[in-house]
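These are the structures in question, set out in turn.
Shared between the two complexes below is chain A, which pairs with chain B and chain C, respectively.
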Partner chain A sequence: MRCDEFIAKTGLVDAECVDDSTVLVRAKNVLETAEKLAEYGPRYSTGVGIDYRPINRSYLMHHVLALDKDGLFIVLEASTGDPEPSIKSITPVYPAANWHEREAMDMLGIRFENHPEPYRLILPDDWPEGVYPLRKDYPYDEKPYDPRSIADRAAPRYFSAKTGVGEKRVAAEIPLGPYHPALHEPEYYELIVEGERIVEARYRGFYVHRGMEKLAESRLTYNQIPFLAERICGICGYTHATAYCQAVEKAADIRVPVRAEYIRSILLEIERLHSHLLWFGVAFHLLGFDTGFMITWRLREKIMDLAELLTGNRKTYGLNLVGGVRRDIDEAKARAVLEALDYIEGKFKALIKQVKDMGEIIARTKNIGILTRDEARKLGAVGPHARASGVDIDVRRDYPYAAYKYVDVNVPVMDGCDVLSRILVRYEETLESIRLLRVFIREIPAGGLMAEYGDIPELRIGIGVTEAPRGEDIHYVVTGRENKIYRWRPRAPSYMNLATVPYMLVGEKLANAPIIIASIDPCFSCTDHVIVIDVGSGRKMSLMKALRMI
Partner chain B sequence: MVASRIAFISEIKKKPVTEQYPYKPISVPEGFRGKPVIDPEKCIGCGACVNACPPGALSIYDEGNYRVVKLFLGRCIFCGRCQDVCPMGAVRLTDMFELASLSRDDLVQEVRLLLEKCSLCGKAFATRREVRHVEEKLDPEQRWLAHLCPRCRALVSAKMIGYARGCNR
Partner chain C sequence: MSTGVTDGVAVEQMIYTWVFALVNALVLLVYAPLLDGIGRKIRARIQRRRGPSILQTIYDLRKLYCMPGIIDGYSGRYARYAPALTMALAIMAGLIIPSFLPADTGCDLIVAAYLLVAVSIALTYGSLSMSIPYSVVGGCREASLMMASELCFAGAIASIAAAYGTLYIAVASPIIRLDPFKPSMIIAAAVLAIIAYVEGLNLPFEISEAEPELAGGALIGYGGRTLALLMHSSMIKETLFIALLVDLLFPWSILGTGPVGLVLRIAVFTVLTTFIYMVMRMLDTVYGRYTPRQAIRALKRVGLASIIAVILASIGW
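What follows is the complex of A and B.
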């Protein structure tokens, strides 16, 4: 469905077309409009708070709702003004809006009325009250306080599956994460266990918020941001750079040459292969099948070599600019890709065939970490994680971009809702990636690599969306003047998927926690320190200390 | 159980795949994006690379009679944008990647270029090489204009236009 058809069908007032696939709805009463739109069954995709005061003295909150069947984005705009910006929360209608609204609350100081959990999410617990870093009058290089001078810190608050802010009630709590010195990213899970069973799980993240949005809008120019966007993630960076470029291209109506689109798609699929193979390795390692870990990572090394050959770097390919790509793929390189694919495909199929026969692995993954279809939809899960719960979404098919416009993408969907399904979905996807790469290499047309364009117009909205290895990656931009962006909000897929983890953990055995958390393919912190609580005194001590006392 | 043992046994018979790096050198493919090097013979100090550099690894500033283009590898992300935009082909990404060093100075490259002074007001405004580069692109009778700083050039040009139009005030 096209944008104008949608407006005609719904009879929305105050709606306009931003482009063919984006509707902007300026709502007077955001909650009412959100409820009305909920009839069409949209998936909450991202929420963007914007300090619009320099333009019209207001703050804007843009909720982006996705109608996957129609390939349409609805931007629901709510506005409010100084001195006490306040907007009705739509979290009661769309539970997935929870984090997005809290992020706008933290970063811009917008209050959300009737929000079920109006607590800090992004900012550190010792960040001073009333200091909002994403407001335009806040300098990008200012430090609000000297972290060393803070004497007493506020107690951290958690996102929880069962209760909002957790109260202590059970005997043992097991922290997973967050300060592992060597591995992965800092994220913190607090698991409350009764015996072997997890009865409650709380999550606290955002330890590595790096202020990239502020940096981009205050210091960098349009063509510098792709390199920053690429550094959002160390595994799927190129998909972020692509989503950003697509967002700006959409806002400025820049047509990327077809050859450049194919090159982008080739690199995106190479990145997906590397990411999925990496994930298989991690998953096998967590399941105790280290031979599988060795095999998949050895195969992955071929992909890393390919990336180095095509881009000049193993990771952070650095090939995207607004309007196209920077480097061509010649005959010899294309041949190298095809040869490596043949090698990987055979070995990988043989490995997974063996894995499917391994009783140990099936026993540890089947019916483990259940996320039902309804929960997945409600929480806005995306990517292979959602597809393993029977939610049939894939950006490459639903919102075709780059060279996916010219080919058919097969989307594997399974309804096991468990860890095993997530493994199998990713297996099918890996094979599909290999197939797509062969198609792209065969069909890539001749042509230029970079579009010609002039100045990028001011205050246009652009949504760039890609299917990252972990799911939908959506970048929202508002263009600015003087070759700079006004607002850039990237939302990585794990942002949506992490909120589902506490739901999957509750009721499971503790030993399954690592693979359940890993099954969404986050970058999670390691699991090696345990706190033992003496139930009588409530005293906490480390496991090592407890063992020494025995 | 059987399947995982078969996988294990078939793997253990294979030779190690570990590369003997750093005891043996490792090769990188053509087009590898390694350490950028500025050719001090070609650089004209125009600052195009400084404008393009996303992480701010390149900077440009004046010191006495010299303009300094400074590359600090500690900030470099090896994207190669400097190489893309350099009008003189002076910046080049090499295949060097072993950059670890005990001294910070090893990570800095400085190109010092003599500044040209405005022939009217005497203020330094561009490097001598940049002026020469511009000069070569101008018609011989216009070349003296390249030796004026932007402010003086604007004033002189305005006066010349005034003369030409006959409003001699």
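What follows is the complex of A and C.
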């Protein structure tokens, strides 16, 4: 469905087309409009708080809803003014909006009326009250120091899920993280267990927020940001750089040369392959099958070699600019990719065949970590995680971009809703990635690598979206003056998927916790954007010390 | 049939016996970590890695022994004594279970089983005395595994007792050997082999330390010398389970007596234990890890097999 068709169908009066696939709805009553839009079954994709005071003395909250079947994004805009910005929460209608609204509360000071969990999400507990780092009048290099206004440290920040167990119970608290062999980045899960059964799970994250949005909006130009975006993640950085570039290209209506689109797609699939193989290795290690871990990581090395061959780097390819790519792929490199794919495909299929015959692996993953289709939809799960719960979404097919516009993408969907389904979905996806790579390499057309474009107009909205290895990666931009972005909000897939983990843990055995957490392929650095600072002493402190203060 | 002091053997023979036993225990202190090193090398080669030197475990233990013992400060008193007690029990088991030299201490199979179980109990009690949740969970898992496997162990011993019509089963007796032509003894030997595999914490039964799940589990609260004692005693215990299996399976009397017999015994024992250990390590690399429930369920089946062995032995099969 096109944008204008959607407006005609819904009869929304305050709606306008941003482009063919994006509708902007300026809602007077955001909750009412959100409820009305819910009738069309959208998926909550991302929420962006914007300090719009320099433009019209207001704060904006843009809720982005996705109609996957129609390939349409609906931007639901709510505005509020100074000095106490307040907007009605839509979390009661879209539970997946929970974290996005809390993030806007933390970073911009927008209060959300009737929010079910109005607690801090991202900023550390000892961050001073009334200091909002993403406001335009807050300098990017400012270090807050005001021990008199320390936030309430007892305020709960956990995202939890419980069973209906009674009060009288003998339970123990098992901390999982922030440092744990099963978590390769610092995150904290608090598991309340009875024996080995988990009766309550609490999640706390955002230990490694790096303030990238502030840095980009304050210091960097349009074509510097792709290099920063690529550093959001150490595994799937290229997908972030691509999503960002696509967002700006859409806002400025820049047409990328087809050859550049193919090159981007080739690297995106290379990245998916190495990410999935990495995940398989980690999953096998957590299941105690270290031989499988060694084999998959050895195969992954071949992929890393290909990335180096094509871009000069094993990671952080540095390939994208707004409007195209910086490097071409010649015949010899293309041939090397095809040869390597044959080898990897054979070995990988043999390994998974062996794993499918391993009773203990199947028993440890089947009917474990259940996330039903309804829960997945409600909480906004994306990527292989959602597809393993029967949610048929894939950005490459639903919102075609780059060279995916020119090929058919097979999307494996399973309805097991368990860890085994997540393994099998990723297995099918790995094979599909290999197929797509072969198609892209063989069909890449001749042509230029960069589009020509002039000044980028200001205050345009652009949504760039890619199917990252972990799911939908969405970058939202509002263009600015002087070759700078006004607002940039990257939302990684793990941001959505992490909220589902406590639901999957409750009722499970402690032994299954690591593989359940790992089954969503969590990428914490993608999700987190703030270091812990002891405002009492003004020094940075260890995470453990920070935790003890909670 | 029994041997040793109870039958009034000569003092000279008794001295020999205890010298042999002492030598066995001392050699085990080195041999057990050496086997572990071989296991690490095998695992690495199967995974197409170069792997560490086979002496690496000895180097690791030496380094840990040189460090001060570290124990979680909030732990119970017993947690402090557990490492030394575990090692003492392992050495005691090493003294009475014949290994390289035929130290016929008159060790009863039931006593040997008790001592080997006591090593696990000491380790479990130590980990349960810790204030660290992971240690407690690891201890609980170790206890569950131990109880499940010891029931199977008891079944195997009972079948041997039923086959030979006595509760006094001297491990070093030349008479008590698992007859390869009796179904009950074949099952008993298989059960003992499985128990040795399980007690060695090989996958899929490696659940009490389960590093990716419990960050080390039962051993997480220990560091330095205390950790070395626990690791070392666990290795000795695993080696002794294999030694017990070899003692009961191999017809040692065919090697003869005298110096030649001794040399042959050392060679045969070393080859057999190393071979069994290597097979176990190879199996270890092709499995994933069970959950505790799965491990107990698997051991229930082994327990059932041991009961069948008892029934068969009691009817003369």
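What we mean here is this: the second predicted complex is superposed on the first by the 498 of 550 C-alpha atoms of A that agree within 3 Å, B and C clash if a C-alpha of one lies under 4 Å from a C-alpha of the other, contacts with A are read in each partner's own complex, and residues count from 1 in each chain.
By definition in this document, a residue touches a chain if its C-beta (ideal position, glycine included) is under 8 Å from a C-beta of that chain, and two chains touch if they have at least 3 such contacts.
Everything numeric here is computed off the predicted structure, so don't read it as measured data.
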Q. Touching A:Phe289 in the superposition: chain B (first), chain C (second), both, neither?
A. both
Q: Could you say whether A:Asn512 touches chain B, chain C, both of them, or neither, answering first, second, both or neither?
A: second
Q: Answer with first, second, both or neither: which of chain B and chain C does A:Asp408 touch in the superposed model?
A: neither
Q) Regarding the shared-chain residue A:Asp328, is it in contact with chain B (first), chain C (second), both, or neither? A) neither
Q) Touching A:Glu360 in the superposition: chain B (first), chain C (second), both, neither? A) both
Q.
Per the contact definition in the header, classify A:Leu228: touching chain B only (first), chain C only (second), both, or neither.
A. first
Q. So, does A:Gly318 touch the first partner chain B, the second partner chain C, both, or neither?
A. first
Q) If you stack the two complexes on chain A, which partner ends up touching A:Arg298: first (chain B), second (chain C), both, or neither? A) both
(Q) Per the definitions at the top, what is the overlap between the chain A residues touching chain B and those touching chain C? (A) 289, 291-292, 294-295, 298, 358, 360-361
Q | chain B-touching residues of chain A, taken from the complex the two chains share | A | 220, 223-225, 227-228, 231, 289, 291-292, 294-295, 298, 305, 308-309, 311-313, 316, 318, 326-327, 351, 354-355, 357-361
Q) Okay, in this complex, where on chain B does chain A touch? A) 1-4, 6-8, 11, 17, 28-29, 31-33, 52-55, 77-81, 84, 93
Q: Quick one: which bits of chain C touch chain A in the complex? Just the residue numbers, please.
A: 43, 46-49, 133-134, 136-137, 140, 203-204, 206-207, 210-213, 215, 285-294
Q: Going by the contact rule at the top, pick out the chain A residues touching chain C in the complex.
A: 172-175, 180-182, 196, 284-292, 294-295, 298, 358, 360-361, 363-364, 509-514
